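For reference, the structures are reproduced in the following blocks.
Consider the two complexes below, in which chain A is the common component and chain B and chain C are the respective partners.
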Partner chain A sequence: MKTPALMQRASLSAQQAMRRPPWAGGRSGLPGMLLILPALAMLAALYIYPLLSSIVMSFVSDAGVGLENYRKAFSLYLIDMLYTVGITILSLAIVFVISVAIAGYLRFNRWPFLNFVYRLPLFIPFLIVGHSMRVFLAPHGILNLILSRITGIPELPGLAFGWGGLVISYVWKQFPLATLLILGAFQSVEDSYIEAALNLGSSRLRVIREILLPISGPTVLVAMVLTFVSTIGCLTIPLLVGAPKPVMLPVDMSFRVTYFNDWGVANALGVISYVIVIVLAYYYLKHMVREEGA
Partner chain B sequence: MATLEIQGLTKTYGQLKALDNVNLTVQEGELMAVLGPSGSGKSTLVRSIAGFVAPDAGHILLGGRDITFERPEKRNTAMVFQSYALWPHMTVLQNITYGLKLRRLSPEEIARKVEWALDLVDLSGLEGRYPRQLSGGQQQRVALARALVVDPEILLLDEPLSNLDAKIRYRLRFEIKKLQKRLNITTIYITHDQEEALSIADSVVLLKDGKVLQAGRPEEIYSNPKNSFVAEFLGASNVITDLVLQDREGLYVMLGGARLPVPAYKQPGEEVSIVIRADEVELGGEMPEGDHEHVSFSGKVNDQMYLGSRRRYEIETVEGHSLLIDSDRELPTGSVIRLCVDRDKIYIY
Partner chain C sequence: MTGVKATKWWRAMILKLVIITILGFAIFGPLAGTLLWSFAIKWYWPSALPQEFGLKYWANALTGRSQVLDALWLSISIALIVVAVGLLVSIPAGYALARFDVPWKKVLLVLFLMPQAFPQLPVFINMSSIFYRLNIAGTVAGVTAAHLVVSLVYSVWITTATFKSIPEVLEDAAINLGASRVGAFFKITLPLAAPGLIASAIFVFLNSLDEFTGTFFVGAPYIQTLPILMYTASMGYNMQAASVIAIMLTIPSLVFMAILERFLKAEYIRGLGV
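This part shows the complex of A and B:
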């Protein structure tokens, strides 16, 4: 997965580390540790401790320590788990296509308007996105009113309360960040790499696929991981948009806690979400390594 | 292989004229060196031939076909970049194969051509390496192979050797020339190094501020530089400016007590440039009586520098001009000597 640029940078910094000038301090001096201590403490208190405790608590139920919470989670929410994975992967795929298309277009063409406007959803909170999608995609929402005018069909099914609306909302909210990251990576690819490919007869589409994407591999991976994690962990959008059943896992977790005060199953569902992310990331990385090796 | 014709090519960037009405013809199989200082427009020229720059005016004809506004991918030119632009995520083999795959050749044909190209640039055995695992010279060869393997109509070399150290540069220069002759491929070679241009090219074009200052065979342009800039750029180390004098015999200028005639288009009192190459002056020794082929003048050795095979002397003339002269003779600093130079080797503008 390492690109040459990354490896060069890595080896460069290794060289620099070996030849440190005499005035440079040691790698891990006490002042350094003190400087990062507040950040580390926050991370430990607010993230690492709750993570560990939620893993522990997922194995504790009224029946004592065991897999009771997981048994319950699978028997009640297996459909939701599959639904969550499916919706997230579908959204991710669409985000990938859209963000690469926009980033690719902007790498070859100057269009300040597009370059500005694609970022707008970044600044709109999840709650607002959920609510406006609910209004926009409702059976008598803005989209359907416009479509009815155009097509002349008076009653159209609304997208807001099905998987379609959910995917549209996720994609709309998530693609700008992915585009921002991928465009940044595309823009740091030297012009001469692109020109060399065009010069040999490559089309722009092929340049994006065969030159820009592979060279930007690590950044694309980061963009996709961020998109995946924030989609699978998002609560507000699936609370407002989507069918009553099946639902995304965060909704189930919130439901277990709010109505049953059942932290055990909620934690088990949380741990299952982590496992989903880890397993998919593992397969993705393995796939990438194979591609690289081929 | 094809003839390249450039007619009235002009490109402006804001106030800057990168190309100013450039007219050139490169014959089939000819290697033309485009020489010029940085900012002279030579890169813009080659980039507009490749299609990365759209000219404001003029035409580019390749084999009679007008390609001025054709997309780069349709032109069938092949460019070797100064940075080589080898794709870092592809092996040598993948880099070289890329253009062939785009041409939808059969796997057998691709294999045959790649083998030919690897053999051509003497890189067999390195197919599986990544660019970062190659030396600069090897990377340069891969870039050359990648360009040549697609059988382009014209080869564009944009300062192909400027990132290499002197020894490899010297060797690769001759290899490129041999290769180009063997394949008989029309080639444009961009460089800022006059020695490289003169040694490799069939014809040399000197650009400055987007204009062609002079074009011709290397010998022609070297022995008949059109003006002091061309002379200086082609390696003349001494450009002396002085004022034109006049007496009954006509216009002249003085150098080391010798009288040098000045072209008639000059006015008395006007500035004139005298251009002399460091290695074309003989130090010491008297000129035979009645020799009209040579000019003899005198100067004082002010300083010297040992260069290995020869010495470089700084000579001061009685007029206060300072000249750099190379010689294999050993002379003490401070000595006053006679200098002798072929009349044809003094350029006065």
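This part shows the complex of A and C:
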């Protein structure tokens, strides 16, 4: 991870040190800014404006400007907020364990089968994962069909339409990206560190915990934040496999608009989800920095 | 000594078999269920397999003037427009971010990442109310705009990484030999960047083809793309029709997975600046 960045920086400073010949043209900020402008204008109009509008509109309600939407959001959806955070953290913990286990295994062993198979869910869109899990985990779904044949129990409870199905679906969809990123970081750790530790009698588990993970800290952080954000923001999976109550926040947001035409509370819920993401990312970052400092 | 080795070998083999079984079932199980449903005509609990197999639902979806085919063409057309416009704005932006001393470069890159790294739903909700005021809610143009903004990160980041990987010396040499700056870009840099640009186009295409949330809020109920149709069928417990569309949407991803295998190496992801 470090070497290419260093090299890049070295070549950059070499470029800066070298006076460019006149025919090479200017490399100042202005032409660069002009080239970026179309993309940036698009981002500003189609993303930043609606984003700011969601924040501003969350303070506007029939009662005027104020915290009315937030008061309503908390009184109606406090349980859903806690449920959302709980489900997301549980999924995140499972994704972390699975992806570190697979990445650790593949760092020590070459196994093309595993290296290929784990990536499959990466290419299946969230919506399809939702539908497939609906078919797979329903009370009369494929999983129960097989389980009831093995166990001989005719009627088993379904995992779909509850927290279990939600967590399974999120983990199924999210662990490949985390594994891909973490494995990339593990592979860029030099063999000599690992061999030294193994020669001194460390187990592989200990090498993962005390050498690979700390060195790959920043990448693991990025993988976990990406997982967290896409879990907490996903609408399709909870719509298709979630329970009718309690539901994840994106479902509340969507229903607030489509059934109640209540944009203020929907926006307040949106801003609350921004805050949750920022707070957890911040907490995680701080925790990581402290770990590294110790 | 050999005995110890043999038991160790057996233990490793058994562990591998257990992993293959669990992982195979966990990964392929849900997809196999969807595949089976797409070919099922009758499947009542507790039969292990459908009582009646057939191509009825595939035929319904793919022949004549079907809703599914209309949705497929609409989805593909939108995705192609998104790819074209996306590359048109991202190639200059990526080139500038890779080559020029643009102020706040890091901030700009993070800004382009934002739509994928922050909850999207509130943005789509507000986009739909803004588009409604502009009279482009429920139109192809509105849906295309929604798809563009969430795929911008792929096109901008991948083109930036691609242009960074092409040595600047090559351009300088061409200019030294008499080419203009623009000529050097089109004759030297752009052809060398083609693989990366194709990778970025594929990401953008798939992202648009599978996009649901933005289409749902900006396009509903007039714009019926394939994902919207699948969602409606699945929510209505029309398992066969939904499964047929789900398989149709999965095939392009799997085909491109084979193509992208080259690009998806961990080293490449690292090149993206993660």
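Please note the rule applied: the second predicted complex is superposed on the first by the 266 of 294 C-alpha atoms of A that agree within 3 Å, B and C clash if a C-alpha of one lies under 4 Å from a C-alpha of the other, contacts with A are read in each partner's own complex, and residues count from 1 in each chain.
FYI, a residue touches a chain if its C-beta (ideal position, glycine included) is under 8 Å from a C-beta of that chain, and two chains touch if they have at least 3 such contacts.
Keep in mind it's a predicted model, so treat the numbers as computed, not measured.
Measured by the number of chain A residues touched, the leading partner among chain B and chain C is C.
In the superposition on chain A, A:226 contacts chain C only, with no contact to chain B.
Using the contact criterion defined above for the overlaid structures, shared-chain residue A:47 touches chain C, although it does not reach chain B.
In the superposition on chain A, A:148 makes contact with chain C only, not with chain B. Judged by the touch definition given at the top, the superposed model places A:125 against chain C, while chain B stays out of reach.
Judged by the touch definition given at the top, the superposed model places A:136 against chain C, while chain B stays out of reach.
In the superposition on chain A, the residues of chain A contacted by chain B and by chain C overlap at 4, 8. Chain contact summary for the complex, chain A toward chain C: residues 1, 4, 8, 15, 23-25, 27-29, 31-33, 35-36, 38-40, 42-43, 46-51, 53-54, 57, 111, 113-114, 117-136, 140-143, 145-146, 148-149, 154, 172, 180-181, 183-184, 187-188, 219, 222, 225-226, 229, 232-233, 235-236, 239-240, 250, 253-254, 257, 263, 266-267, 269-271, 273-274, 277. Residue ranges of chain C in contact with chain A, taken from their complex: 16, 19-20, 23-24, 26-34, 36-37, 45-46, 48, 88-90, 92-93, 95-97, 99-103, 108, 111-112, 114-115, 117-127, 129-130, 145-146, 148-149, 152, 156, 164, 168, 172, 175-176, 181, 210, 212-213, 216-217, 227, 230-231, 234-235, 239, 242-243, 246, 249-250, 253-254, 256-257, 264, 266-267, 269-270, 274. The residues of chain A lying in touch with chain B in their complex are 3-5, 7-8, 190, 192-193, 195-203, 206, 210-211, 214-215, 217, 292. Taken in their complex, chain B has these residues touching chain A: 50-52, 71-79, 81-83, 85-89, 98-99, 102-103, 130-132, 146, 150.
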